[in-house]
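Chain lettering (A, B, C and D) follows the sequence in which the chains are written, and residue indices restart at 1 in each chain.
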Amino acid sequence: MPTYYNRIAGQSLQRLEALSDGIFAVAMTILVLDLHAPVAAAVHSERDLWHALVLLAPRLVTYLMSFMTLGIFWVGQQTQHNLLAKSDRSYAWINLAFLMAVTLVPFSTSLLAEFITYRLALLIYWLNILVLGLLIAAQLYRARHFGLLKEEMSHEFHVAILRRVVIAQTLYAFGAALCIFSTWWSIGFIVAVQLIYAIAPRFKPFTWM
Amino acid sequence: MPTYYNRIAGQSLQRLEALSDGIFAVAMTILVLDLHAPVAAAVHSERDLWHALVLLAPRLVTYLMSFMTLGIFWVGQQTQHNLLAKSDRSYAWINLAFLMAVTLVPFSTSLLAEFITYRLALLIYWLNILVLGLLIAAQLYRARHFGLLKEEMSHEFHVAILRRVVIAQTLYAFGAALCIFSTWWSIGFIVAVQLIYAIAPRFKPFTWM
Amino acid sequence: MPTYYNRIAGQSLQRLEALSDGIFAVAMTILVLDLHAPVAAAVHSERDLWHALVLLAPRLVTYLMSFMTLGIFWVGQQTQHNLLAKSDRSYAWINLAFLMAVTLVPFSTSLLAEFITYRLALLIYWLNILVLGLLIAAQLYRARHFGLLKEEMSHEFHVAILRRVVIAQTLYAFGAALCIFSTWWSIGFIVAVQLIYAIAPRFKPFTWM
Amino acid sequence: MPTYYNRIAGQSLQRLEALSDGIFAVAMTILVLDLHAPVAAAVHSERDLWHALVLLAPRLVTYLMSFMTLGIFWVGQQTQHNLLAKSDRSYAWINLAFLMAVTLVPFSTSLLAEFITYRLALLIYWLNILVLGLLIAAQLYRARHFGLLKEEMSHEFHVAILRRVVIAQTLYAFGAALCIFSTWWSIGFIVAVQLIYAIAPRFKPFTWM
């Protein structure tokens, strides 16, 4: 009889989406809590304020990078969910693990912003992205092999989606590896890749993105 | 005439779910605010940063535990809600009390993370879980005895759901009792039980979970 | 032509509800940020921790009171919205003003928790509740007189809803006035009234609530 | 084959709205975190508390201004979305950029509240509003020219919507320019314009708003 519980648990796709959208919304918004207004006591002129704000620039870059990271994974999760007819308990838990990695993004962002020249901070940030990528692939696997899709997915389409994840993760890993030279190279490379993902895919040479 | 208000108040199941998903989403995400990046002034090398992060490990464990606690109760509430046809004013208030216990999880987590070797902190954490369990059972009771279900629930199924709650709460209580030896035993036991709940039920010996 | 914009602006009831549920969810959850875990440096034994937690009791009371305040207004707004067929631009803005008063609850709660024996803090808290009450009455007025209801509302029902708001606000005002003696009397009275609202209306003598 | 991904990515209008409502809800609510209760140590009487609260007045004004800013853009985005039949990947990303500007409002508000007499803080605040305006216009452009609308939009209506955005942004720019005299003039002018937007359009001389 309790096995029946497993059959009915976690089936509501709509609520999984509502929770996901809520967690993405909160995570995206609390990223901004890391951008503190400068301390008033240290600012005595417009010029002081300008200098204090310039010092915020690295945090603005990590903010931008993390917002785009979350945006990319939100679009990805949403696109996969559009293919689903329902959820099940395992899918719900893979998704919850994915959302846990989402909630960790503000932490790894804050760590990177505070220690922007430290390789360890950058590698932890990359690890967070890697886990997001692995779990979104696990969601696809579960959906495909346990009958959660609206209709049969063609082999070609499945390969195409997986290739997207693999290419993206390869680029992220390459970006992270650039920290051998400097963490700034890593950050610059990752932001550039993300901007291309967000902006470029509608132009010819990038349609595989 | 005002009694008519009672008849129409709190009936929207959809909005109760939206509020629930919102509160779970915010509670799950602000758990991460407890993971502070180390203070930059105390870190002078990659090695210092590594040591500072190792000191964060207990907070990461309580974070993981609380995210899973909230995940388990979210799946549970969602599963019960799938059985409902509508809500009523009393059900809405039992649910609001449940959501209040949900919003207290970030506090009891923070308390436990700060005082991880203190039995009192662990017992307060356990009390929070106990209240969540009692209120989810109260929701089921209200739904079943006041005609909120989509269809009649069989006695066997009702017993099965209640048994799940009782077994889970017994395991949590046993885990909490382990603090006689050490709070770390309690935490280890509870995390292990939660991982089994999240991962294992699809394997044979755990289907009753 | 721009007047056409006014005709189509703010019509989506569904999105107004989604924003409302989101704001209530965030406001209810960030109330808990006011419950800080005691400072570890000042705690050396289980007993110290117990004493430190006892000192948190007033904040727990204000937390409970504010959660119930928000719960009552959430149930009220939801109940009224169930009667609506659509929204319009004015209704959307009355609702936004109402939501602004909702977001101020964590502030007035925090103020009261910090200055729990100060009449000024209590009166500001009461003012917040009064504004919530006025704006929920304004929503009803707009809905009724500008054709937003699903069906004609009988005069008796309209009077019944308004009477509820007036009685509740009279009780809150009386509670606030008790601060002449002590703010604790006010808080005790308001919490008692709220508990009755949440729990009692299904019992005979309280059906008018 | 991967181009197929572009065709199906970001199509869910419903989830874009859920994410938008979530981000607006969180941003609107965390604005209040900037209103700190006065420090208890400095307050010894009701009179002290009164004086401490009077000092909060500028923050209350910036809070009010930002809540209205977000309210206006929420109504605007919602009104445009009502005209849409679906989303696409580009529209989703324009919307994500818009939401990023929304999450920056609590930061620019906090900056302005802290440095309320500094022109730089005011200009950054205005820049934030300008970006919001540009991106909402970009959404309209994408929707209209890439077949996302439910039905053909008449040229007159399109001009009317654009004119609204241009007039509003002109008023904001004029308000920002008033900081040549004093940032208080700017803030007063912007708040006045926003109140007219929220309240007045149903009266004759303001129907173009």
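Criterion: a contact is a pair of C-beta atoms (placed from the backbone, for glycine too) under 8 Å apart; a residue touches a chain by one contact, two chains touch by 3 or more.
From a predicted model like this one, the values you see are computed outputs, not experimental measurements.
A.B. asks: To test your reading of the model: what rotation angle superimposes subunit A on subunit B by C-alpha positions, in degrees to the nearest 5?
C.D. replies: An angle of 90 degrees brings one copy onto the other.
A.B. asks: Between copies subunit B and subunit C, are the contact residues mostly the same numbers or mostly different, with half as the line?
C.D. replies: Here the answer is different, because the shared fraction of interface numbers falls below one half.
A.B. asks: With centres defined as the mean C-alpha position, give me the subunit A-subunit D separation in Å.
C.D. replies: Whole-Å distance between the two chain centres: 25.
A.B. asks: Just curious, how far off is subunit C from subunit A if you go by their C-alpha centres, in Å?
C.D. replies: Spacing between the chain centres: roughly 35 Å.
A.B. asks: If I count partner chains per residue in subunit C, which residues reach a count of at least 2?
C.D. replies: As it turns out, subunit C has residues touching two or more other chains at 18, 21-22, 25-26, 30.
A.B. asks: Within the complex, which stretch of subunit A touches subunit D?
C.D. replies: On the subunit A side, the touching residues are 17-18, 21-22, 24-26, 28-33, 35-38, 40, 43, 46, 49-50, 53, 64, 67, 71, 74-76, 78-79, 81-83, 156-157, 159-161, 163-164, 198-199, 201-202, 207-209.
A.B. asks: Which part of subunit D faces subunit A closely enough to touch in the complex?
C.D. replies: So the residues of subunit D in touch with subunit A come to 1-6, 8-12, 15, 18-19, 21-23, 25-27, 30, 89-90, 92-93, 96, 99-100, 103-104, 106-107, 110-111, 113-115, 118-121, 124.
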